[in-house]
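Take a look at the structures below.
Below, subunit A partners subunit B and then partners subunit C, in two separate complexes.
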Partner chain A sequence: MKAFSGYHPLTLLIYFLSVLMTAMFLWNPVIQLEALLGAGLFAAMLQNGKETAGDILFYIPLFIMAALANPLFSHNGVTILFFMNGNPVTAEAFIYGIALAVTLIAVLLWCKCYSIIMSSDKFIYLFGRAIPKLSLVLSMALRFVPLFKRRFHKVRKAQRAMGMYSSKSYTDRLKGTLLTFSAVTSWSLENAMETSASMKARGYGLAGRSNFSIFRFAPHDFLLLAFNVLLMLGTLMGAAFGELEFYYYPQISGSSLSVPGLLAYVCFGVLTLLPFIIELKEKILWKYFISKI
Partner chain B sequence: MKKDILALCAIALLIAVIVNGTEIQSVDEYYLTHIDDIKPDSETVTISIRCDTILDNYGDLDKELKSEKYVPSDGIILPETEYVLRPGDTVFDVLDRAVRYNKIQMEYEGADKNSYGSVYVEGIHWLYEFSCGPLSGWMYKVDGDYPNYGCSKYELKDGQKIEWVYTCDLGKDVGGVWQGRGN
Partner chain C sequence: MEILHIENLSFRYPKCESYAVKDINLNICAGEFVVLCGQSGCGKTTLLKLIKRELAPVGEKSGEIKYNGTDIKELYDRASASEIGYVMQNPDSQTVTDKVWHELAFGLENLGLPQEAIRRRVGETASWFGIQGWFRKDTDKLSGGQKQILNLASVVAMEPQLLILDEPTGQLDPIAAADFISTLLRLNRELGITVILAEHRLEEVFPVADRVLVMDGGKIILNGRPENIERGLLSLNENHPMLSGMPGAVRIYNMLQRRLPDIFNPSELKPRGECLLTVRQGRDFLEEHFKGEGQGDVKPERQEEPYAIEMKNVWFRYERDLPDILTGMELRISRGELFFLLGGNGSGKTTVLNVISGLNKPYRGRILIDGKSIKDYRGNALYRRKLAYLPQNPQTVFLKDSVRADFVELFKALEISRADYEPKIEKISEKLGIEGLLDRHPYDLSGGEQQKCALAKILLTEPEILLLDEPTKGMDAHSKLALKAVLKELKTEKMTVAVVSHDVEFAAENADRCALFFDGSVISSDVPEIFFAENSFYTTAANRMARRLWKNAVTCEQVVEKCIEEAGKRRKTVGEDGNKTCEKI
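So, the complex of A and B:
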């Protein structure tokens, strides 16, 4: 049980929405870096070392690819490095690509943390009564990829145990992976139909039905929510004053640092680090109590 | 193992094709365009690039472009200049040579990348389509008329006058009609 997932689903949903929306729509390098830092630290807390290492191995090539793709397609900018097929390749486009990659990975990591923390029972608890069908579809869609990954490993293990795809040739291995992929895809699609049929058979969405998990809105939920709203107000104030404006094209320029801007950076920085701090506090407490025994 | 080598060869071939199709030039190389000298018997055309309409719609212009550096105060990016017309030159060829010679930034979409089969000029002098409102972009006139087709499909004749103008209202503010409507 992670400390952060002990909070009420409503508090958690509002937290994730506010961080994700800000990271996606406030196009400012400091905000983007803060979102990435917070997501990275939080994800590292939620996973073990091996999973984190795997993540890094996956996200670094993704980062490089996303950053390099932009200057190939966007030729705006005043600092021209060289010309490719008659169109300029500019330093601004490179930097914009890096900013794009940072945002992409920050949002992906936040979504990963979301799927670890907000299990489907929490989502259904929040929306099951108001929009039963949509909430079931959404919760199934949100857990699709993690479930797919788990099943993929399962099928691969089974096939390897049967002696299939054990050839050393990379082409053969790739073929085997594709076969496994198609098998898991049809399994997942079939399973989605079965899930909905099974939910219907259990009377999902009917009146008077209770939830799998019952959550109580406790004082610490209110505290986190209030803190969240306060920090978001601080961030949005900076944006409303226009102090977070930043342009990449045609020349990199931004508003100079001011009090509302600085306040917004600090507020958003604290907001993104909140889950990490909560998890860290829990870990330290745990260690401290053990050593005392 | 044999299959691996074959796959590797295929990938190497693909990379070779991509690299072969990419032409990389340094900045100096790119701007080193040869402009033919005008002789008494040579065929010529004139070309100008203007963005006067932005000055009338300055409020709609993207904030980061509101500078003398991107929008000249007289609206003239390239004054009317005479260039030699090479046989088979299209409007785009002359524009390309003119902006290279004058070191003016330009971005275009190649003729193979859209369904019109013609080059589309996205931006000149850092002023792009949609930079000044949702109906803004670059249009061209030849002898005062808007051809309403791609600039790399218009073959020029001796003595013609090309004007590249920036519109903020789909051509209505520069005396053009879009797709023949209201003519």
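So, the complex of A and C:
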């Protein structure tokens, strides 16, 4: 359903790393705004209206708090707006605060998109390539956690129905929780014996284990990766020429707009908008196909 | 061609006096479907594990096991892992990974197959088993039946020649179990995989098996075609305990033969001298030999008693956005009644018990326990000498290292002193026959033993109302008889018992009243004789065979009673007509 999540995990990892690293380490207001815009549009595409509205309600206060915190504690800068408790509050610190808040929220939103797109099996696949044993352990752990939780609740319920460990006394309840925890742990260990038997029965431990995944590196992955690399080159070139430098203290100053700088902005802008464009294209195509039927 | 050859196999566990399996001689041909049955603890699992080298228990072993002519000790590792497949009982603990596709690929990864080969095999297997719909799901999100099909599929993906299954349907409901068995049968018939299946529930597998093995005390006591098993058991022992675990048709045939020996000449029966196996055969047989008079006896309705449990227009759902599980449920259970609530899987039967026991709160409607609203039971008052609930998995009842310690813990919570509780423990252990189990770890007990100990713990709270969730799940016929005796005794003590179950046969034998739960409420409720007679699909095997003769005969015993009654009448009229020889009935 989500077009972007259909890409190969490696392509996706490289994409997210490029965007996140650039947004975090290139201290440039345009870059930061682009990162925020891209993340916001992408997140809105991934979620339904209700979730997006909830997000906005959550991020706006966070934005205001982050933006206001900086001028309260940092008194650098030359343009003094007013004095508070005998301390100067400067325009530079204020703007720096806003930039900080933009970056913070952009990074948070990108991480959110990352967690939606990179499901556990993609993660395991990526790290499994490096350490095959680890990927199996991770996969087993991910299987184990919900099982443990379910069993815990079952035991808790059974005990409650006997009227055990559910009195008003706090220590009684705590004791019940601890006992349940230890019982479910030994239950799980007991089960682990059976799991290991099942693994052995299916040949675990034979030499030359291979690693299967359902992911395939398709042509569109190559295309996205190539785009990604090109756009990153364009962005980094701007940075390398020093055209993206920007200072907030003591006075706001940046390099004047030049060709490499402009190129970098365009490249990064396109890069951050890529997932949104891909999702949008998919949606339009989908609508188009439906309308044809 | 012989695929498995076992010669003089004996095995005993370390520090054990007796042999777990003894003097086993067995040949299994390629492509056979073999059913292995026997009571819990007869050595089935040990025998099956010995065949699968990777799982063979440690101990003293003699004799030999040959797979395709090679001793299994000398098989190549890869061949041994892939060609002999093994499926266990518990659907949860066999699953290794978190995704369905990964689980399917797990064995193939172990064999070191290349990516493309695995992709192909996994895809093929998924399509054959019809699991492509949940291929990318988390294994934890599957139902028990789906999990077990997945476990089977991930073993079959490795292309085994011989498939060994140890009570694979023990934890499944009847519909899922029948599904599983039919998949297994397809594997055998379409792919020619040899199957050795250990089972308690024989109704479906018995007629389709090529061969049945019966084990007792570590030995194979019978080995033959399913038609001949009944005769074999009979010749070993008139009242062999395994007979009660046979399918309905076999039991009726068996009882008729024993109880009408003077007029029952097996050589004149159809099919000639062979035991009946399926419902159809049983029905044809009964209709050929009996005319059927009257409808059968119906238990009289119980006298009106005050209600122990009353549900009035109860609505419940787990979360706001989820659909209703109970939709205006009405239910009345009288004091001292043994009530069975039957219904399909996932219909919400367990939820009914959760709501009655106050673990889940309905959002509309009233529940009265002993005439008092459930809301008026403050704190733990409901669970003190009033109501007790045994969940589906008896293991959840225990928290301590021994059964006795768990009992003691309960008494501490009930604030009963040692001098008072010791005799109580003694009494209940004697009643349920668990004296020998008190000092064992609860997890080390077998399913049936666990069930008994859990029931004992629940009963120690001295409830007036007992709720049981699927008490016969995974039980062999012997344990079911034991449970039946316990239920009978509880009834003499005037305890109200409400059971939620899939097991129609067990309900027909034991219930005072049965009800069918569907779509969030009870849609029919009656004494079992009427309840099952009115149902066309949801009824016992005995009733399906005899319903056109005696509508209200629902258990094998009732059918046999009716047959004897009719034979007796006929004999009388024959006698009056003059001393003709007994006519064939």
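Basically, the second predicted complex is superposed on the first by the 209 of 293 C-alpha atoms of A that agree within 3 Å, B and C clash if a C-alpha of one lies under 4 Å from a C-alpha of the other, contacts with A are read in each partner's own complex, and residues count from 1 in each chain.
In this section, contacts are C-beta pairs under 8 Å (C-beta built on N, C-alpha and C of every residue); 3 or more make two chains touch, one makes a residue touch a chain.
Computed from a prediction, not measured in an experiment: that's the story for all the values here.
Enquirer: Tell me which partner A:162 touches in the superposition: subunit B (first), subunit C (second), both or neither.
Expert: Only subunit C; A:162 stays clear of subunit B.
Enquirer: Mind telling me which of the two, subunit B or subunit C, contacts the most residues of subunit A?
Expert: For subunit A, the partner with the higher number of touched residues is C.
Enquirer: Answer with first, second, both or neither: which of subunit B and subunit C does A:87 touch in the superposed model?
Expert: first
Enquirer: Using the superposition on chain A described above, determine whether A:51 touches subunit B (first), subunit C (second), both, or neither.
Expert: A:51 sits against neither subunit B nor subunit C.
Enquirer: With the two complexes superposed on chain A, say which partner A:76 touches: subunit B (first), subunit C (second), both, or neither.
Expert: In the superposition, A:76 contacts subunit B only.
Enquirer: Once the structures are superposed on A, label A:249 by its partner contacts, choosing first (subunit B), second (subunit C), both or neither.
Expert: First partner only.
Enquirer: Under the contact rule defined above, give the subunit A residues that sit at the interface with subunit B and also at the interface with subunit C.
Expert: In the superposed arrangement, which is not itself an observed complex, subunit A uses residues 168 for both subunit B and subunit C.
Enquirer: For subunit A, which residues count as touching subunit C in their complex?
Expert: Result: residues 120-121, 136, 139-140, 142-143, 146-147, 150-151, 154-155, 157-168, 179-180, 182-183, 186-187, 190-192, 194-195, 197-214 of subunit A touch subunit C.
Enquirer: Where on subunit A is subunit B touching in the complex?
Expert: On the subunit A side, the touching residues are 75-76, 78, 80-88, 168-172, 245, 247, 249-251, 253.
Enquirer: Under the definition above, what is the set of subunit C residues touching subunit A in their complex?
Expert: So the residues of subunit C in touch with subunit A come to 52, 54-55, 77-78, 81-82, 85-86, 88, 90, 92-99, 101-102, 105-115, 118-119, 122, 136, 138-140, 151, 154-155, 158, 354, 357, 359, 379-380, 382-384, 388-389, 391, 393, 395-400, 409-410, 413, 443, 457-458, 461.
Enquirer: Can you list the subunit B residues touching subunit A in their complex?
Expert: 1, 3-4, 6-7, 22-27, 29-30, 63-65, 70, 96, 105, 107-108, 110, 123, 126, 128
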